[in-house]
Every structure is written in C-alpha cells, then in structure tokens.
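Below, each structure is written out as structure tokens.
Look at the two complexes coming up: chain A is in both, with chain B in one and chain C in the other.
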Partner chain A sequence: MRKIRRWGPGLLLVSPSILLVAVFVYGLIGWNVKVSLSDWRQAQETSGFDTGAYAELFPSAELGQVVEFFRSIVTGYQSDTLTTDPAWVVDVRHALLFTIAFVAGALIVGGSLAFLLDKGVSGEGMFRAIYLFPMAVSFIAAGVVWRWLMNPAPGDRSTGFNLLFDKLGLGFLRNEWYLGPDWGAAALAVPAVWALSGYIMALYLAGFRGVPEELREAARMDGASEWRVYRHVVFPHLRPVTLSALIILGHISIKVFDLIVAIGGKQLITQTPAVYMWILIYDARDYAKGAAIATLLLVGISVLIIPYLIYTVRSEREA
Partner chain B sequence: MIDRLRRRRLGRIPRGTVLAAVLVCAAVALALPASGLGTQAKSDQACQLSVFSWWTGGGEAAGLDRLIKIWNKANPDCPFKNETVAGGAGTNAKAVLAQRLAAGNPPDSFQGHAGAELRDYIKAGQVEPVDFIYKAAGFGKVMPASLISQIRYNGKLYSVPVNIHRANVLWYNPKTLKANGITVPRTWAQFIAALEKADAAGLTPLAMGEQWTAKHLLETVMIGAIGPKGWAALWTPNSQGRWAAKSVTNALNRYNTLLGYTNSDAASLTWQDAGKLVADGKAAFNIMGDWQDGYFSGTKKGGNLALKPGSGYGWAPVPGTDNMYDWLSDSFTLPKGAPHRAAAVKWLTFLGSKLAQDTFNPVKGSIPARKDAKVSLYNAYLKSALRDWKSDTLAGSLTHGVVASNAWNADIDTALGLFLQNKNVARFQTALVAAAKKNS
Partner chain C sequence: MTTVALEPTIRRRRRRRRAAKVAKYGALAFAALIVLLPVYVLLVASFKSGTEADPSRAWALPQAWSLDAWREAWNGEQYGLLPFLKNSLKLVIPATLISTMLGSLNGFVLSRWKFPGSDVVFLFLLFGMFIPYQAVMIPLTQIFIDVDFPEGLPRLIFAHIVYGIPITTLIFRSYYATIPEDLIEAARMDRAGMLRTYWSVVLPVSAPAFVVTAIWQFTSIWNDFLFAVFIVTDPAKWPVTVALNNTTGSFVTPYNVQMAAALIASLPTLVVYILMGRYFMRGLMAGALKG
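For the complex of A and B:
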C-alpha cells in the first residue's frame, strides 16, 4: 500500500499519455503493418494475409535480380528484366542521392559555420540567430521560394540563380537543377541544407564550447600547431555531436515529403518514397503497397534511431 | 540528496491531487466515444444538403455559388451546405473524401470525374446507381447517347454530369503565328511543318508543363493517331494485346517526335505557365484542355490574362483530331447512406436540368452535357465547342478520369515518367502493355 502511494499518483498522471501513445502511435503502427500485409490493393479488402505489396518493392531472391536491383539504384540505369516496381527503384535512388547530399551538405556547412564562430567573431549572437532562422521556415514555404531560385528555364526566361549566374558572367554554372536526369535529387537537397545547417551549426558550436579550454591550452603548451589542436583534441570530442546530427538529419531525409511536393509536385522526376506512398494511397488506392512503403520508411528510420538510443542509454548509465 | 528530496516531495502529494488525476483520466476515457456519438445525432436533425466538391476558386466557385442561390430559393427547408476542400484538380479533396467514406460519414453528394475514376467508389459499394433519376428527368433524351454509354459501368449509371470540358485543343497566339508566317495546322504533317517553322524563328514550338500535362498531350496524340474507336478499345477488359499493336507504336513515335519540340523546363511549369508562354508570344503552340480558355479570357483580378478570344488567342482541334471530342466531365454522385437521400436525389435532378447547366457553365467556362444549351450565354470559344459537341465523335479522357481507373492511371504515370527521361518508345510500350495487363 505504501509503495503504491509512492508511484501510484505519478503513474496516474502519465497514464492518459501512455494510453494515447499506445493507441495512436503504436496501435496505428501495428495497424499500418497489418494493412501492408493484406491484399487491400483496390477499393475493398477481400481476405487476410498477402505479401504481394512487399514482393513489388523487393527484388526476388534470385541473384541476378538482386544485382540488377542494386545496379539500378546506384547507377540510375533502367533495367528491362527487373521485376521490382520501377517507380520504387527510382524513388530509392532519389532518396539515397538526397540523403547523401543533404547529410553531407548540412554537416559540412553547419560544421564550418560553427568552426568560424568558435574562432571568435564580434556579434556572434547575431550570426547565430541569422543562421538558425531558416529552420523556422516550413519546408513547404522554403520549397516555394527555392522552386523559383532553382528555376531551370532556358535563355531569356531565366530566373533565380541561373539569371544571377548569367549577370555575374558565370554562365558556365547554369544548370537544370532538380530537372537534371542524374543528379536532380541532389539539387532538391540544397533547400534542406539551407534550412538545417544553422541547426547543425548550433549543435557543433555547443560541442566546441564543451571542450575544456585547459585541454587546448595544454596541447598548445606542448607545441601543437592550431590545426593539430583541432585534429587531436577538439574533433575527437565532437564525435557524439556528429552522431546526433547524423541521426537527426537522416530521419528527416528518409521521410522528406513536403519539400519535394512544394518544388516538384507529383512527378516521377522528383519523386521520393514518401511522395509515392501518398500517390499510392490517395490516387491509386493501393492501400497495401502504400502501407508497405510506410513500414519500410519506419524500418529505415529505426535502423538509424535504435542503435542511437542504445548508445545514449548506455553512455548515460556509464556517466 | 536530490533523490531524497524528490522522494519526499512525491510522498507529500495530497489525496486531493490523486482524486483529481483519477477524475481527469475518467473524463478523457468518457469524452472520446461521447464526442463521436454527438456528431452522429446532430446530422439527423435539421435537413441540410451537404455537397462535397473541390470547387473553391475562380469560375468554378462562382458557378457553384449561383447554383447554391437557386437551390436555396427553391428549397428553403433544406439549405445547401457547401463542403469544399481546396487543392489542385481535387487531389486533396479526394483524400479527405476517401477518409469520410471509409469512416461511414458520406456527404449527400460528392463531385467526381464522370467515368472510370468513379469505379473505386462503385466497387467499394460507396455510391448508388442513379439510372432512376435519368429516367424520371429524361436526361437520356437531352444528353448525347455516346456520352451516356461511355459513363455507364456494368450497365448502370452512377453520376450526373454537370459540364463537359474538351481536352484536345490546340492553343495559339494569332499575332505570333502571323508574324512568323505560320498557318494553323489541321493535319499531322502540317503540324510538324509549323513546329519546324516556329523552331527556326527562335520560338519554343510547343509549350508543355509538368508531368500530367505530358500525359494530357499523349492522350490527344494517341486519339488522333488511332481514332476514337481504337482508343476506346484500349480500355476494354483484357486489352493488353491491343496495347502491343503496331498502331500504338506509331502513335507513341508521333508523341516522341512531338516531345522533341517542347521546352526543356516543362517539368517546372504549371499548365498556366505553359499557356502564358503562348500568350506572351514566346511559344507558338500549347495543347491543353479548354480550361485554358478560362485562363486566357478570365479577368485580371482573378489571376487570368483577360485576352480577347479570337484576337488575343486562337484555338483549333489538336492536329489529327478534327471531328473528335476528347471529353471529360465533372459529375455528382449519390453516396450510399447519404444522410438526406431525398434531397440528394432532388439535387442531382436539378444539376441535370437546363436551368442549372446554363447557369453554371458560362461562369465555369465549360459547356453543358445537354445538347439544348442556350448558345447566346456562352463566349466565342464555348460557342464553337457547343457546335462540335453535337457533331463530333466522342473519346473519353485518360488524364481526367474517364477511361481508366486511378490505379491504371498511376501505373501509366510511372511508365510515362520514365519515358520522359529515356525517350525509349519500345520500353514505354512494354510498360504500357504491362499496365494494361495488370489493370484492364
């Protein structure tokens, strides 16, 4: 009785939240998985278990098919023999390109900004705010503006960057942006880098500040050059920050939907898995396949998040 | 130390707090189902005709407003409840509607493109046949027989068409053509010659927009190449063999040729952007549905170009589709379990009437599905469309939901998306055959 008194009230207070999360998050995840394993491909559900939706998203177990699948994703080459849904192959390739460009871009830009601020600038607070602000702009709004900035129109109809390049005599920099057949998906990542690199900068800046000044001093006393101080003292301290940044950027990247829709609409040339999921469910009414893609996105994100959670819990326990 | 503090604080929580927490939990548990019951009870009280559509802007919304006024005057006991959801071509609205229908909460009537696009609702048993309305109101006598046969599914009619749009229209700027010595093409050969001339003059020969406008272009080219009969045969059951035919290959080759004359930034333009290139004299031609007429001739205030039909812009059937009418139609349905079924039947009867169609269409910029429209109400373009509607052979639109289900359309979108990048006709046809095998 006494024990219940101790944890009972607390449990009662959080129980509505536990209940709601259980039903509306985990319950619906479960329902989604169930739909993905059903044959609810058209307007009505007929009978129970069916893995047909997944069969269209994965290559069959034959080695040739698996090789073709990955070859298509990596090189963008279009296979005649591959039995996997061709739109999905394109989507995965786009997601991959987008992720690489976005994560690398945001880490490099954010890290460099933090490095520069860490070296000491007057008016640091102002710079921090300026770089952080883009994160407050929703992807939809940013997408509309960047759609104009990255306009691929030819000749005298140019606007945005292409026009700017022309005016500055940098015509060779003109490009098709997100309509480029090979690297278009990477161009779609530019607005995302713009939006998130300020946030990454803030993370790294905190990381830089967390390195005790004494360590740097000691290294300098030992005659280390400034570069070696960073290389051997500061950077190793930034590993946990980099890991957090990777996770945060990675899960945004896998789910990206609003930015893509704002810039490219519903077209194969800019399509990502989340956009295809929307098309399948609301346009094609292929509920099972849409849910299968949703499940795969969740699995993809879990692959990132779960090791991170294990790592955090473990390091917290050690601390 | 902190641990001890925390424990002590917890231990001191008064009984009142515990009681309050229990009450909050109970209230939440009770409130959830109760709110659901509340809405259900409400809808049975006063009669209100809830009509779901995506007519939220421009001429569509203005036309709907006029209909609402007439309805409310004639039916003061069951006023109109306008349930619109904004979003281009109804994609958002369809998503919301799908959820409402799945939840068993249908409106009294909802908008949908007439034809195969409604099949998902029909197969799911979410809409009722409306043949009895056609019979009672005599729509069969005033609407073209071929229209009625093309929207019939399994021998039954499931919606009442309010308007007709034409998809196979070639738009041009008379001044641009005159300045460059180009005549309006009627045949395929003339079209290619005209495009070549425009190209040599430094114009964009054919302005195109994002992917769905490329599909729109594809259907008009195919209908011209294989004819309305061959086109209709592509959408019948087990049609994959017909998709593999040489005639389809030829049509796709024509399409491929045409794509060579389009602007490189097509995927970044809306259909209005593409139309504006023609209006601004930067492009020679554009192929788009006759909502382009609304954009060209509508008021500047409404975001349109306010051009004069005939001098500011001109139109002709897409070369090769003379005497063919690639049509699409907005129609309304009778959902199963409509809360006010009697009023919904009355609404559908009203929508098919001459009064409603001649009220709505001149404002929306489309023509009535009926053959007895009062011609003087319509602008110069629509007058010509009315003439053609009575005499042309009809072919249902693919892009706008007449001939193919949503799932089939999505598969064609994928095939087309790939084709726009690789321009490989053989591969495109293989993918189209596969789509037909899966969906027909």
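For the complex of A and C:
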C-alpha cells in the first residue's frame, strides 16, 4: 500500500488520456458496431436489430453466390444474378487493385532508392530531402495536380502525361489512367507511390545503415563479391524493415480516402470502400451500411496491426 | 611483364566502375526529376494568366508571368482561400499545442514513472493510432450533437487532440526512454515528487521531442481532410483542405487558379519541412509504427 504513493500519481496523470481513448476509440467503435447492426437506414434513427446492412456486403451462403461474388471481384465482370450490392463489389475490386499496385510500387521504388543511396553519394542529403518532400503535402493538394497529370481526355484536349507522351513521340504510352475500366484503380496508386516512396526509402536506408560494417567486411574478406555481400548479409537484415513497411503501406491502403476524393470525386469508377462509406452517410443517409463498411475496414486493419503490435512489444521487452 | 598483362583488366574494371557510378547518379537524378515534376506543373500553371492557361500549352513556361491566379486563389471573391487558411490556423495551433503537451506527460509516466500495468496501458493507447477513423466517425458526429458540443472548429480541435494522444505519447515515450536512469533516480533520492521530477529534470531536456511532435501534429492536422469533412458542416468554418477540394473539384474553376490554390494550401507545411526537415524526418522514424 505504501507503494501506491509512488506510482499512484503517474496513473492519475495518465488517466484523462486513458479515459478519452477508452470512450472515443473503444467506446465509439462499439457504438459503431451497434449502428451497423441496426435498421437505421434513413435519416431517422431507430433502435431495431437488423443485419440487413451486412447482408448487402456479403454474398449469401449459397455456393453459387459465393463463387459469383469472387468472380466479380477478380474479373471486374458485373453480374446480374449477384444479390450483393454491386457498388460494394466494385469497391472491393478497386481496393485490391490499388493495394497491390501501391504496396508493390512503393516497396520497389523506395527500396531501390535506398539501395542506390546506401554506399553514400555526394548530395545524399539533397536527394533524401527531395524524395521525402511529398510526405509534407496533403493528398488533397497533391490530388489537384495528379488529376491533371493523369487526365484521360482524348485528342486536342489532352493534358498532363498523355500530352507529354505525344510531344516526346511516346504516343503509344497514352492511356486512360484512373478512368480505365479495368485497371483504373491501379493508376490511382501512382500518386500514392509518389507520396510514400520517400518514406519507405528512409525506412530502408536506416535499415541498410543498421547492418554492422564488420559483417559486410567479414564477408568481403571471405572473398564474397559486393552483390553476394548484399544478398547474403545485408538483405536478410532488412526483413523487419520490410515487415514494418508492409504494415504501414497496407494500412494506409485499406483506408485510402482523401487521395481518391481529390482525384476522382464520388464517381463509381474510382470509388473505394472508404469513399463509399462517406457517400452512404452524406448522400444516401444509410447509416447502418456506412457503419458496416467502417467496421469491415477496422477488421481488415486489425488483422494486420494486432499481431504486429504484439510482435513489436515482445521484441521491445526482449531487447 | 605481369604489370603489362594486368593493366587492361584494371582499366576495364575502372571503366566499369565509372559507368556504374554514372548509372547510379543518373537513376537518382531521374527519380528526383519525377518527384519534382508535379511541383513544376503547379508552379508553371499558377503563374499563367487566364488567357494563357490553355491545356495545350500546359507543359510550357508562361509567356508572360502573371500573379492573377495567385491573387484570385489568395483572396479573390470567388475562390479566395484566405478565410479558410485562417480557420486552419485557428484549428492547428491549439490542437498541436495541447496534444503535444498531453503526449509529453503521458510519455513521461509510461517510460519513467511506470505503474503496474503501464505497458498494457501503452498498448491500449497505441491501438488508437491505427484504427481507420471511419470506424468512429458516425458515433463521433452523433455524440457532438447529443452533448451540444460547440459547433465547428472546437469539435475538430477536440477530435484532433483525442486521436492525437497515441502518436504523441509514442514519440515522447521513445524519447524519454533515452534519458539516463541516473538523472531520474537522483531526483527520486532527493524525494522529489513526480511533477517536480518532470518539471526540473525531464522537461528541460525535452525540447527536441517537443519540436518533433509539434511538427508531426502540425503537418497531419493541417493536411487532414477526413475529420474535417465529416465534422464541420458549416462551410464558413471549413479548414483549407476542405475548401481546396471544393474549389478544385469543380470543373468551372480555371486550372491556373486550381494550381495556385493547391500551392497556397501546401505552403505552411512545406515551409516547416524546408526549415525543419531534420526534425520532420525524426518524427517519421518514430512514427514508423504508424502510417
């Protein structure tokens, strides 16, 4: 009991924060789940229990529906027999395409830049500062210029990259960018890669620099070529960095919102789950379905984050 | 004899090394060029006059440099951002200050004045950083209405403070973990209480962490769109991101004005980045746990 005088004040000092987070993070998440399971489908709030919102987001238990659901997501083919909300099916497809293009793009670009900078180049500080600067710019402002750069208008009305391609005699590179019916969502990942590659570069560069020089030297003494030093000594050391980068990119990807709104507005052709949720709340006033989508976003992110948090805390304790 | 035989190989190796170096710098410079391309477009377009702002000449430099678009985007009657920049300032200053101070106190306790279960409490707080805020948005707007919370910016300030707790706590906690234990122990030996130890031992060495955290919060609150678009319903109270999206989302807005507006809305965070890049970078690394 004497000890409580020692640690009691600390707990007291942190308790307002604990309380705020308990209410506004955990409490509101619970409330949101409750809304998602209600029949609050119009402006008027009601209290009835209803799983109808989820029923529109998942295929029914019939095998045929399940197959059709996944077929629509993978192929982008619009099925008439599917009972699931067609906009949602499109959203999930977009989210997957965007995630694959964004995560792969940012890892490859960021990783390569770090690799090139690793050995030290003159002007490293300047290069780093340039690559990282997009992190300081909002997705809304970046979206203004990227929407123009990736403008798909044909012929005389061409702007941005398409116009540049024409001028450089690279007309065959012209494309419809984010309005492409099949791969448009992947084009939306281009500005996201632009924005986040510098960050990934910084993470990897810290990783590269964290490899003890003696290890590299020892491998060189054994007659390993520079490439083999990287492959067998440096790259294995980067696995934790890659894991962090994957988690960071994956979780940004799941909730991507501002960038999509800035470039595509509310169009279905660029819509992602987070944008659909916004439309449902603001335009359709379908609170239960909006809350259901928000809950699914949270589940997606939790599956990614919770094991990672536990792993991080455990390795912190071991250290 | 041997030297003569070796020379060509050495020369070849040297040539190859030089070629590799050129390729490396070429690749780095090309990447820098691509990263800066949007900036070029923004600048060039924003300095064109209305008559010159034609898509077909979009990549070219302005024939006559004009400040019309900047003037219009700054405080023009139709597209002026000035009132919204003021809103953003009124939002970002108190929210940044309060959440940074909270983070400092929390970080201190959770690293240097631990209580039983404080690591679990830290995890409990940390999770709040990763949630998609969509998952609290509907109840949050509802609760504001239910308790009659003052409308507009106060709601937004409150939200940024609450949801900023995890990241600010994380940055300070990692920073305070590097303070030598002897310093804290010495204060304890002197029977200094918790607040005294914080005030006279910890706070004086906290400046770098305050700078890092404040920059992080300033940047993310200034750039926030999600909270603002859900919480602030009165257009007169919009922060600059929402106003910018509204201006540029419309097809009638001349594109030179759009580009100038995007630049104006980004200037504060860019200036902070240019002046304090080193601290910005440290915040990013501390937030490596975050996205």
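Note that in this section the second predicted complex is superposed on the first by the 315 of 319 C-alpha atoms of A that agree within 3 Å, B and C clash if a C-alpha of one lies under 4 Å from a C-alpha of the other, contacts with A are read in each partner's own complex, and residues count from 1 in each chain.
Please note the rule applied: contacts are C-beta pairs under 8 Å (C-beta built on N, C-alpha and C of every residue); 3 or more make two chains touch, one makes a residue touch a chain.
Just so it is clear, the structure is predicted and the values come from calculations on it, not from any experiment.
Look at A:224: by the touch rule set out above, it reaches neither chain B nor chain C. Contact with chain B, but none with chain C, is seen for A:42 once the two complexes are overlaid on the shared chain.
Of the two partner chains placed by the overlay, only chain C lies in contact with A:312; chain B stays clear of it. Using the contact criterion defined above for the overlaid structures, shared-chain residue A:86 touches chain B, although it does not reach chain C. In the overlay built on the shared chain, the residue A:284 is in contact with chain B alone; chain C does not reach it.
By the touch criterion defined above, A:8 reaches both chain B and chain C.
When the two complexes are overlaid on their common chain A, residue A:96 makes contact with neither chain B nor chain C.
Once the two complexes are laid over each other on the shared chain, residue contacts for A:157 go to chain B and to chain C alike. Set against each other, chain B and chain C differ in how many residues of chain A they touch, and the higher count belongs to C. By the touch criterion defined above, A:267 reaches chain B but does not reach chain C. Shared interface residues of chain A, touching chain B in one complex and chain C in the other, are 8-10, 13, 16, 147, 153, 157, 265. Listing the residues of chain B that touch chain A in their complex gives 7, 10-11, 13, 17-18, 21-22, 24-25, 28, 91, 94-95, 98, 119-121, 123-126, 210-212, 263-265, 267-268, 282, 406-407, 409-411, 413-418, 420-422, 427, 430-431. Chain C meets chain A in the complex at residues 24-25, 27-28, 31-32, 34-38, 41-42, 45, 55-56, 58-59, 102, 105-106, 109-110, 113-116, 118-119, 121, 123-128, 130-140, 142-143, 162-163, 165-166, 169, 193-195, 219, 222-226, 229-230, 241, 244-245, 248-249, 255, 258-259, 261-263, 265-266, 269-270, 272-273, 277, 280-281, 284-285, 288-291. Of all residues in chain A, only 5-6, 8-10, 12-13, 15-16, 41-44, 78, 80, 85-87, 90, 147, 151-154, 157, 176, 178-179, 181, 264-271, 279-280, 282-286 touch chain B in the complex they form. Those residues of chain A that touch chain C in the shared complex are 7-11, 13-14, 16-18, 20-22, 24-25, 28-29, 31-32, 35, 109, 112-113, 116-117, 121, 127-149, 153, 156-160, 163-164, 167, 194, 198-199, 202-203, 206, 244, 247-249, 251-252, 254-255, 257-258, 261-262, 265, 274, 277-278, 281, 287, 290-291, 293-295, 297-298, 301, 305-306, 309, 312-313, 317.
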